[in-house]
Amino acid sequence: MSSDSIHESCGVFGVFNNPRAAHLVYLGLYALQHRGQESSGIAVSDGNTVNIHKAMGLVGHVFKHQSTIENLKGHSAIGHNRYSTTGASTIENAQPILINCRAGQIAGAHNGNLINADSLRKRMVNDGSIFMSTTDTEVIMHLIARSKRETIEAMILDALSGVEGAYSVVFLASDTLYGARDPRGIRPLILGKNSEGSFFLSSETCAFDLSGAQMIREIEPGEMVRIDKRGIVSYRIPVFEPEIRPAHCVFEFIYFSRPDSFVFGSNVDKIRRKFGRQLAIDFPVKDADLVMGVPDSATTAALGFSEQSGIRFDIGLIRNHYVGRTFIHPGQSGRDFGTRIKFNPVKGVLKGKKVVIVDDSIVRGTTMLKIIRLVKTAEPAQIHLRISSPPVMCPCFYGIDMPTESELIASNRNVEEIRQYLEVDSLGYLSVEGMQSVLPGPENFCTACFNGKYPMLEKNVEKEMVGGQF
Amino acid sequence: MSSDSIHESCGVFGVFNNPRAAHLVYLGLYALQHRGQESSGIAVSDGNTVNIHKAMGLVGHVFKHQSTIENLKGHSAIGHNRYSTTGASTIENAQPILINCRAGQIAGAHNGNLINADSLRKRMVNDGSIFMSTTDTEVIMHLIARSKRETIEAMILDALSGVEGAYSVVFLASDTLYGARDPRGIRPLILGKNSEGSFFLSSETCAFDLSGAQMIREIEPGEMVRIDKRGIVSYRIPVFEPEIRPAHCVFEFIYFSRPDSFVFGSNVDKIRRKFGRQLAIDFPVKDADLVMGVPDSATTAALGFSEQSGIRFDIGLIRNHYVGRTFIHPGQSGRDFGTRIKFNPVKGVLKGKKVVIVDDSIVRGTTMLKIIRLVKTAEPAQIHLRISSPPVMCPCFYGIDMPTESELIASNRNVEEIRQYLEVDSLGYLSVEGMQSVLPGPENFCTACFNGKYPMLEKNVEKEMVGGQF
Amino acid sequence: MSSDSIHESCGVFGVFNNPRAAHLVYLGLYALQHRGQESSGIAVSDGNTVNIHKAMGLVGHVFKHQSTIENLKGHSAIGHNRYSTTGASTIENAQPILINCRAGQIAGAHNGNLINADSLRKRMVNDGSIFMSTTDTEVIMHLIARSKRETIEAMILDALSGVEGAYSVVFLASDTLYGARDPRGIRPLILGKNSEGSFFLSSETCAFDLSGAQMIREIEPGEMVRIDKRGIVSYRIPVFEPEIRPAHCVFEFIYFSRPDSFVFGSNVDKIRRKFGRQLAIDFPVKDADLVMGVPDSATTAALGFSEQSGIRFDIGLIRNHYVGRTFIHPGQSGRDFGTRIKFNPVKGVLKGKKVVIVDDSIVRGTTMLKIIRLVKTAEPAQIHLRISSPPVMCPCFYGIDMPTESELIASNRNVEEIRQYLEVDSLGYLSVEGMQSVLPGPENFCTACFNGKYPMLEKNVEKEMVGGQF
Amino acid sequence: MSSDSIHESCGVFGVFNNPRAAHLVYLGLYALQHRGQESSGIAVSDGNTVNIHKAMGLVGHVFKHQSTIENLKGHSAIGHNRYSTTGASTIENAQPILINCRAGQIAGAHNGNLINADSLRKRMVNDGSIFMSTTDTEVIMHLIARSKRETIEAMILDALSGVEGAYSVVFLASDTLYGARDPRGIRPLILGKNSEGSFFLSSETCAFDLSGAQMIREIEPGEMVRIDKRGIVSYRIPVFEPEIRPAHCVFEFIYFSRPDSFVFGSNVDKIRRKFGRQLAIDFPVKDADLVMGVPDSATTAALGFSEQSGIRFDIGLIRNHYVGRTFIHPGQSGRDFGTRIKFNPVKGVLKGKKVVIVDDSIVRGTTMLKIIRLVKTAEPAQIHLRISSPPVMCPCFYGIDMPTESELIASNRNVEEIRQYLEVDSLGYLSVEGMQSVLPGPENFCTACFNGKYPMLEKNVEKEMVGGQF
């Protein structure tokens, strides 16, 4: 994606029964780094005590000292990479969150976004609870602590039955690892195992590979698993609604997940490539010289477009991967260094050419415009922009950090107006129908950001939205 | 390149006449980060005093505090990214090197490798000089300080006339910027200018773009330029040898330079792509399903191979760009985490496919083997390895950090033996002739690492090699 | 004190109505650094939002960047220096603790120790509360959040009416500062004001001086003050017990408070000096050459002993103030570097002399022995040890971190046995009666650690102690 | 001393033949921390290679990681604490300085100040040498490297014979430790030994104690010792002057050395105390209530004054030892926080009293005035200031960092005028004669800063001063 405007919330990872549990979580978080770069943390249990280390920054920064990992002794561990969805970038919001409660120590890490977090929070605060972070995770931890059930698993199930929204969560108690996924299965969560008999939970399968783990299966929508010495037991999260169908977030295929991951029953790479193929069918470009993607996320869709159209794929933008979070803007200049330092156009490839640029999505449009202008410094003859997802018109309530509706370029302008704004020769978006034709079981995906069809019960939405929660 | 075994020494950058000189060098060093990640530094002159900041680590780390750049006040500056060629990773070896000498303060930064550095050093040490680093740069600075000439430019010319080998150097005195390139033009050095009238010197043109600078021309082999308020003056470095022809390092095209740079009179991208095309002509693969490059450096050559062969280009390996220098190896495991954490194969792309893998070079072969084995975990039907440079058989004396001859896989095994070692179905290297057919003016390139034809005078090489300098 | 075995818990400081509130708290914490060196933190309110910064380490370390203080904008602030009483040295236990609750944001900082914290904690945990630290402060914050009262002040009073033990606390809400002190007045808390109309709360008066503040009065035992724009209002903390008399901790006079502070109605320096005078009356040393104190805490008592006895005061031990928290023990040696690096005997003063050493207390006796042996390396003729407090025989439940009874040397040995253990020529402790003769209103002081007369209601103690809380 | 205006340059320490050599140097530097707080470093030799670690900051900061010391492996080591005498606070000036020269690796560390450093430097620079620091130490290292002598010891002697001024230096070569002291013996340097057969060199004896070392003797003025496996050999530094008599810096007794050290043949404590006694004889105060010193340096002299006068010694100012180098000034206030945060007056001691304050010296007078005003906030009845050294009237060329003559209060005002400036009731300085009556062999001490009688050859001084070196 060209834009900094959509952010996935988080990546979660868990290991049970391995003498190097914290090490393996560390490797898993490395592979999930693309899901969150704000803070990182690992909680580990030695069978008695749960210890934790977390800090702001990338995994490699948070765990830069060998001794930090070595001090996290134990056979089970969970970890978390966070990208703030709520704006508050503080250490208090870093995860996992470790609590002491009636059931002892429990650490929790969460990927997703609850739509009734604010009302739950308000209710509990009125009832005397104190909150130290602004995370949804802390809301879940409070619900667990307040449950009157007898066992930790019943307490967790009790808690999850009261929350509404997207969650893929992992919990660590002294001798048990838990994983759960909301009834709509909005975010992915995968179960794995390695040859040593260790079990794994991960937001994506790409994080299994470094541990030599194999995917067993996805955690089902609405399922909680308890993993302890006796093995894996599956629970169904109690739901008090008539019927719930899956509503997988299609943005996992469009952008979030790494192409080498398997989520929602498919290889990400394959679906993403088909989006590109379909885009080439829907909005072909005649006589173009080359197809390029905005690196790195749109490369796969661009390859699909190239395959389908027969137009040569090429690398027209170089991405500088050394640009970290600490780039210092050199002051008074009006130039957009944020985009320029990250990308550089390849003149030898672009000059005088009729170019198809594929990107995965457009949110505000401002960054896209900067990239187009940057590409133009290499003097291509024409630029044809193709987007491998439909126009983003509605905000997301399930864990994607998006601008408000008024800032979404596609909610205010039609395609031709956007084309003019972006100063390109032509513009084509993958249609919602085109996208759905590629998805396996399209009825099981949430496409609300494209068409406003939110997969939650109507009365809930109404109630909450009237309540001004969003 | 798949391997950590060849390292370019350095990137240099200079700015003259800009109120934000240190800022612009900072941006330039960001763009040259691929040429050296060990240490980084900037020296700046305010017309009277030269100040410096340097430290171990990436540019973004060394200059992470806004105040560091802000405190480097002045209108002229030079900067340097270093990758150690001599093994000593210490702050003493970080550059620029700032000295106080008869001519006042001079800072110098150097890309290249001198072949008579050791004998010069020994001679000066015997004569009472003290050395605080193990860099060739300090040797040059000593030669400058010891020159009896009257002006700084004469002192620098005097110094450079005594060194033998590869150098692209920039120097900063209180009110003057200098740039020089060895008579063989082994490493690149480019002169640029922006619309504000500021002048630039850079190892590659890609570093000009962030400052809005345009290339004027390359510094000529054997040329030194002096840039001050009066403009640019060109000098010829005195040479005491009968004839010297250019000997540009072909590895700049194969691997070192960024594809969006222009060096040695050509776009890197274009030459690199032609290497891939020629490779496809010399060693075609019948009925292959896809061509992939080892990311990121071999991608351009792989695109050339794809174009020529008509075999579809694809992304079969994902590179994790978040892996930094501080990765902690998780202990006792025998697994090769260095390669695994950096790359992940895309099963959806590779499984069951007849795959052509293009890489730019093989040095030791050990990393290549790890990558092949990693790719095999995705179960391709066949692997055909193609290398877009000839077999590396001889060590380099000009600034590339290579293993000794006995460690070079191609100096000990023929191609079939290497194929067996690498466990691939076929292996093809670009031939020296094929490579030269692509180069503009092939007689102007050094190909010694492929065929042992070192471009220096025979007697010198002999003398030095007998003397055991290497 | 010679020993690391008794630690005060904390220092607290608050400012209301000053544009540089965080700055002034920073200065106050500097002056209170002796009360806690483990962690430090400041919370500040700008009238709407309460922000916080806290970290492990000394004040000067936690707030080493100018920008940290500058970013804490607001007119009211509280701060805290912590010395762990419960052993857990983690950032989670650093204070102030900032919560979101029904009444909004409240930050709290606490000096003291609650005797019913564990049972309150257990009760609330059973009722569904979650705890993230092991501090008593978090217990108080939970009680506030759970109160059903209408106003913040009523909620705080409600909370405090339920806790038992020692507390001097400050709270910061968006536009109000609160200070409260337990009904026994065990720890000090002082109210001050400066000429600009800003109000201050501090554990000791010595912290007022840097802000140019003057003491108004001590917060009364059992009093809470609310400070807002309308002024200061005083409340009485509800108590459900027949009668409570003051029980000021005499160790504030013996060791904790700085000699230039005024606490419990007296100048610390004056009382501490009288302890030394009384000691010289009770246990004189004939014909001694000099009196010295163990620096720095026992110097004042030693001066008192010198005045009374007419024996010359001298400096026999130099203390190295550069020894920080990060001293690295040089490995295998059996030597006690902890004591040796901190103190060095002055041979020129001690050699051949009959020396009186005054220290303020003995806890375990192990450090005292190391000091005696260190002094002996300077070859004094005789050592007469005098302790300006009675033998410590019983553990403290009110906020002093003491060893268990079995580790207290005075609970296991009589004075002659201690003298032999410490290898000194004579040993004298200030008697309980001697100490009380010096105290103003001795019946208002807690002397439980000397005689086991705990100032809480008998049935409570019994109940809690039977309950195994300690 | 109350003032920040005089600074000793450095402390040096060396160890030969100990498996924990770097550890012992670390301990030694801790004890010498008072001689320099700007930077710290240790060089260690394992018999082949000399390695080094140095950084800005206190010893405890520079060596805060256990691994730093552990990585400094070897049996011989030297260390250095630096206080900048030349104003340039940069890592380049940190010591030891490690060079590669004709004789191999040599590390050097220096305490003192050369008076002909600038001319030597200029001469060598003209001859082609390069300088990377502004230290006198680098001048000495260059002289060593340039010597044509055969052995390292001859090269060092050759170098030292050419320098003029104050130096106590230690050098470390691969298998040898050297120590040398200038012919006037201006700074101290002591030789020690421990029971394990390790040898030690130190600026003061107080640094021996932590290693269990005993003083053998002082290095003689004009002596160099070479310590290697064969033992200790003594050399005389060649001098090309008619006669040189000792000129020990009397400020070592007045202020620099720790009272528990033995330097220049005497216990520092004893001499310093006699200064106080003599001061009480020369300028008694009638009917004073108490004598206090400005902590910590003037305490010993104050004790001497108290003994002689019979006036009670007391502690009237508390010094806050937690104030580090990173204190942040809280902005706009006009208050002098530098003094106020460091000292606090004890009202209980001072109020209404006739007080004698003893300090060791007055340089500019500005800090003294701040302290006097601070003491007055405690409302003493009278203040009688006594200074245990004569008025400082002339600058020092031998290593003490002093203001220029025009800034020295005593070179511009007589005692009565100073008294008025300092707003005290009376003022008395120790007379030069009084000071000399206390010194053992007063003719062997340099008193130039009090009377301008510089101990160097007249023509040299003239030549250099005319030359504008200072």
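Note that the chains are named A, B, C and D in the order they appear, and that numbering of residues resets to 1 at the start of each chain.
Keep this in mind: a residue touches a chain if its C-beta (ideal position, glycine included) is under 8 Å from a C-beta of that chain, and two chains touch if they have at least 3 such contacts.
Quick caveat, the model's predicted, so the values are computed rather than measured.
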| item | value |
| --- | --- |
| Centroid-based (C-alpha) most distant chain relative to subunit C | B |
| Between C-D and B-D, the pair with more C-beta contacts | C-D |
| Separation of subunit C from subunit D, taking each centre as the mean of its C-alpha atoms, in whole Å | 37 |
| Gap in Å, rounded to a whole number, between the CA centres of subunit D and subunit B | 49 |
| Subunit C residues counted as touching two or more neighbouring chains | none |
| Touching pairs among all chains present in the structure | A-B, A-C, B-D, C-D |
| Residue ranges of subunit C in contact with subunit D within the complex | 20, 23-24, 26-27, 30-31, 33-34, 37, 58-61, 63-64, 66, 69, 206, 209-210, 212, 258-260, 267-270, 296, 299-300, 303, 306-307, 312-315, 318, 320-324, 326-328, 330-333, 335, 337, 340-341, 344-349, 377 |
| Of subunit D, residues touching subunit B in the complex | 97-102, 125-132, 141-142, 145-147 |
